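Report on the following structure.
Residue numbering begins at 1 within each chain, and the chains themselves are lettered A, B, C and D in the order written.
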């Protein structure tokens, strides 16, 4: 297997196997992304002719206050989303029992994940509604006035992120449930014999075994945070006045609503760079772990 | 197992535990319960501002039937199935092939190819919008099921390849060496060894892919302007635009479009968790 | 014609040479056991023979045919893996018939071959079961059965017994031995277990650090190790080694200078180039040390530990100034294997005795300096069994 | 054993084949669809239901199958750029004015001047024809107009003794009385941003008049121009006086309208589509008046937005599409369509019908001295986007006026340059 091409026919089958996936992925995903980067050097309304403007789009971008708002919001997403793995772990620990009926309970905990983000957005908009929402009802019960979360530029992003966390926590929970199912029982038993229990057991024995799961959960959470779009789109449309916008949404808005495809593509490029840093870290970690276990 | 399992001989503990779980679950699902409640309320309650009080009447059947009779939701539902099922099958086929080669053959560029799959999958897919639209146009498949299927298959192949590669890499080397020693060609190995062994992974992956593709909203809007192709998510958004005041219908529709993935999860949960653990197969 | 031949096989991983010009040939369907410490390259060698790893240089010939560039399936080999490598999703019969099915053989032929192999291994009752339902020994039989079904000219075994418990291991060892006599095929058997090597092999290939140290029938390797490595590797308990110097050399023998042991002279190979003052290592097998007061040379000692595994007693003796290097107990005590009827207790004072003939002498490079011995000496290999 | 395995393989093969066939068949709908007249609409439900019926009637009469794909209004804004280029229907719905001109400039709409001439639409459309005309040629037909004005509920006003305002002084009085009665004086939900622009348009039209407003819309006037000071000042004063629904940015326009429907708010500045967000009982009580007059010397000028129907340049069946338009634009047919949303009839020879709101709107329109479309229809997309955002921000932070106007001015300089 070492050097495939030295064999007479060893390379033929693998090449045939790889071809459809690789070709499709390159043509649709990789080439499209590259094409988008190219578009960022043009002024283009998406319909007519494209005209070369060099880095003008980028210069405009760095003078655009909305860009910094979006960037800041992306960072808020990123930071707050980091609550998803521990919360997911907590719920996974809670339901990791083998009792009758818990299968249904687990499925119900998964619900937010399997619901479409559009639906989750609808659900939370409904929940936050300052006059009639459930949140308002709770506040009224305590004789207080509910904050209008979705119209408060200070809190709107946090409110949207909390909605976004709902399915994300579910996702992490599933990963951790899988991880907990795969624990090395003998280690747990050895630790029990050594007198470890509760939190100390979790910290010293369980968590180290969940490192791989942890890594995947964090990776998926970071991607989710940087790719956030549906929630923003459904819940606030980036509002009020752009204060809950994120890069992905601003890009969409500039392209589709303002017909500034070149500018939108420039935002895409920035998002790409941020993502690339993360992807590089991810790949580095992944390959290192792989080499470690190989 | 961690945490310590509650034994059969601890009825008090068990009761306490079940109460705690129920409370957490209710809190967790509170927003969803709100929508569920709205979905069985008559439209007049909403117009009158009776959002949380006792419904003036229960319109469960009317509202849910209404989703199918008063709106084209039934048709969107069919569209979603026609888009999602072939896409899932397509991704499973392609990613089994790519995952198999990338995990089992060492060659120059292997890691690079894999990195591209993984990296490409992490990209914010919104940036591909315009080129993908143009591509489907050039292929003459814009505004058909095929446009969405092609995109979903291409995009999800990245994630699925990561998943399948890791799973297949965790299988014992000897199984593959044995197959080679027995004279199985790569194709025979794929059919007779890889496919049967990765079934749990395929089941888990199928569920994940089903939810991803079923719930896609962005591409549905970009690539399927017409009702004849539009899937449920875009349909729901459409419904919100058209029936904005009819929260009863919108809520019922929200529940309806969530049912297939939820049902799938419920019935396949065991496979899902097992597949996700990516545990090695022990002969 | 050689029915199996390795011709200067070389394998490198990066800078490291894992196999260095390995050559081997058999003519009459031999049972070759490749043995050596872990990391010596024996498993890599097996994979190269199987075709699972390409060699960087050299050729593999089976029945005179150069198979170096052929796929494993085309080499007329079958392989039995340490982990059995049974397909969990197939029944026993499907596992055993897999190779023939891949080759597109007719169903009837496959069934016949499977049933035949199953009857040889007495697993006919399990044919419809899945590997998960079988015990370790049964799985091992299925794995062997899968190899038999293909009726190859060369069987490859990769440490097939290491996952079995001791009793089962002995039994399977005997069965594989019987199988060999029945099948009339070349067998290449890789193991790190010297007992398997000594009992099963028609010839042993002893490997170390990517090279072959010695090839020969088991008793030859035991009685006439070419160097200190071979001498130390085979035999349990291990040979005692003592560091000494050459006191004087004459035509046929040389004198040994070792503190605590006077006047020892041993025979010397004619080609041995030793001069006075050279550092040498004396080798003495534990079973060649007597405790009954006999022997040409005597040593006073004190028992520090006695093990009684059954048939014999093994004692570790503190012999004062005479210390064993790399001793079994790590304390420099001499290992002695005695009849269990000779009672020994901890802290007993004993007198050890041995003959000059029993001594091996190795030079600083480890090569054997003492002359070759006839194979029917008392140092028979079966004594090495534990 | 072995047989079982073989049959499994065969079954899997058949499955794979089946799904392959299925896949290859999936491209078919587009081909099938191309043999019929396809229409993409962006209508609210009541109007859509009427339109579908009209289209079916046309189909039966002419023996052609007609497909109507209805998109949500906002979704259509997103999709139209794609489908006009990619896979145009035979007929689509869009906006008149600047937004239409943009697509005409890109060559995406068909010239239908010959149809206009043949059917002599000019005589019945009057000045409305300008909204669909570029360089003397027509590229669409205007549909029912959206007349923007103040809506209130007669029963609520009666219950609290409020009077419909005519002037700004009246308006303030009414608002204060409403506040005293525990009502929200003015409901406005700006989650979709554009409702705020209605207030800007109206204030600017009232304070600066149509010509200067249109100069601003055409990009010929700066947002930092002192002429706009009074507009923002007045608006800020109203916000300061707490006349608007709190947390307006949380609500979509429908939710904001429902405050009116529930009798919690007194007035709302909106177009006639407000009826779709209210119960029939509330609609019955709904009344329309024009936006209060600020300066008796100026106006009245109003926002009157017309939607229109177009034939894409690359339509598959352009002749059939013209046939359909000719049918659809007959006075009787068109009035059923327009009547479904209490719209103002575009044709002068159409009966207004007996819808009181439509009658009021038509009456008010007759009394205007001139109309603009609406901020986001009069300005190019970039400007519209920035304007809507800026106005929304202003409703929350009126003290950021200077910064907002500067930002709008920056966008103006960019947006009109291209």
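Keep this in mind: a contact is a pair of C-beta atoms (placed from the backbone, for glycine too) under 8 Å apart; a residue touches a chain by one contact, two chains touch by 3 or more.
All of these numbers come straight from a predicted model, not from anything done at the bench.
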| item | value |
| --- | --- |
| Between A-B and B-C, the pair with more C-beta contacts | A-B |
| Relative to chain A, chain with the most remote C-alpha centre | C |
| Intercentroid distance (Cα basis), chain C paired with chain B, Å | 56 |
| Chain A-chain B separation of Cα centroids, rounded to whole Å | 15 |
| For chain C paired with chain D, centre-to-centre distance based on mean C-alpha positions, whole Å | 90 |
| Where chain A and chain D are represented by their mean Cα positions, the distance between them in whole Å | 35 |
| Residues of chain A whose C-beta touches two or more other chains | 1-3, 46 |
| Chain B residues counted as touching two or more neighbouring chains | 49, 185, 192, 237, 240 |
| Shared-contact residues (touching 2 or more other chains) in chain D | 5, 78, 85 |
| Touching residues on chain D, where the partner in the complex is chain B | 5, 9, 12, 16, 19, 22-23, 26-30, 33, 38, 40, 44-45, 48, 67, 69-75, 78-79, 82-83, 85-87, 89, 252, 254, 258, 261-262, 264, 276-279, 282 |
| Residues on chain A engaged by chain B in the complex (per definition of touch) | 1-5, 11, 13-14, 17-18, 20-22, 24-33, 35-36, 39, 46, 91, 93-99, 102-119, 122-124, 126-127, 132-134, 137, 166, 174-175, 177-183, 185, 188, 197, 201-202, 205-206, 223, 226-227, 229-230, 234, 247-248, 251-252, 255, 261, 265, 268, 271-272, 275-276, 278-279, 282-283, 286-287, 290 |
| Chain B - residues contacting chain C, complex | 172, 174-175, 177-185, 188, 192-193, 196-197, 199, 281-283 |
| Residue numbers on chain A that touch chain D, as the complex places them | 43, 45-48, 60, 65, 128-131, 148-153, 236-237, 239-242, 253, 256-260 |
| Residue ranges of chain B in contact with chain D within the complex | 44, 47-49, 82, 86, 89-90, 93, 133, 136-137, 140-146, 149, 191-192, 221-222, 225-229, 234, 237-245 |
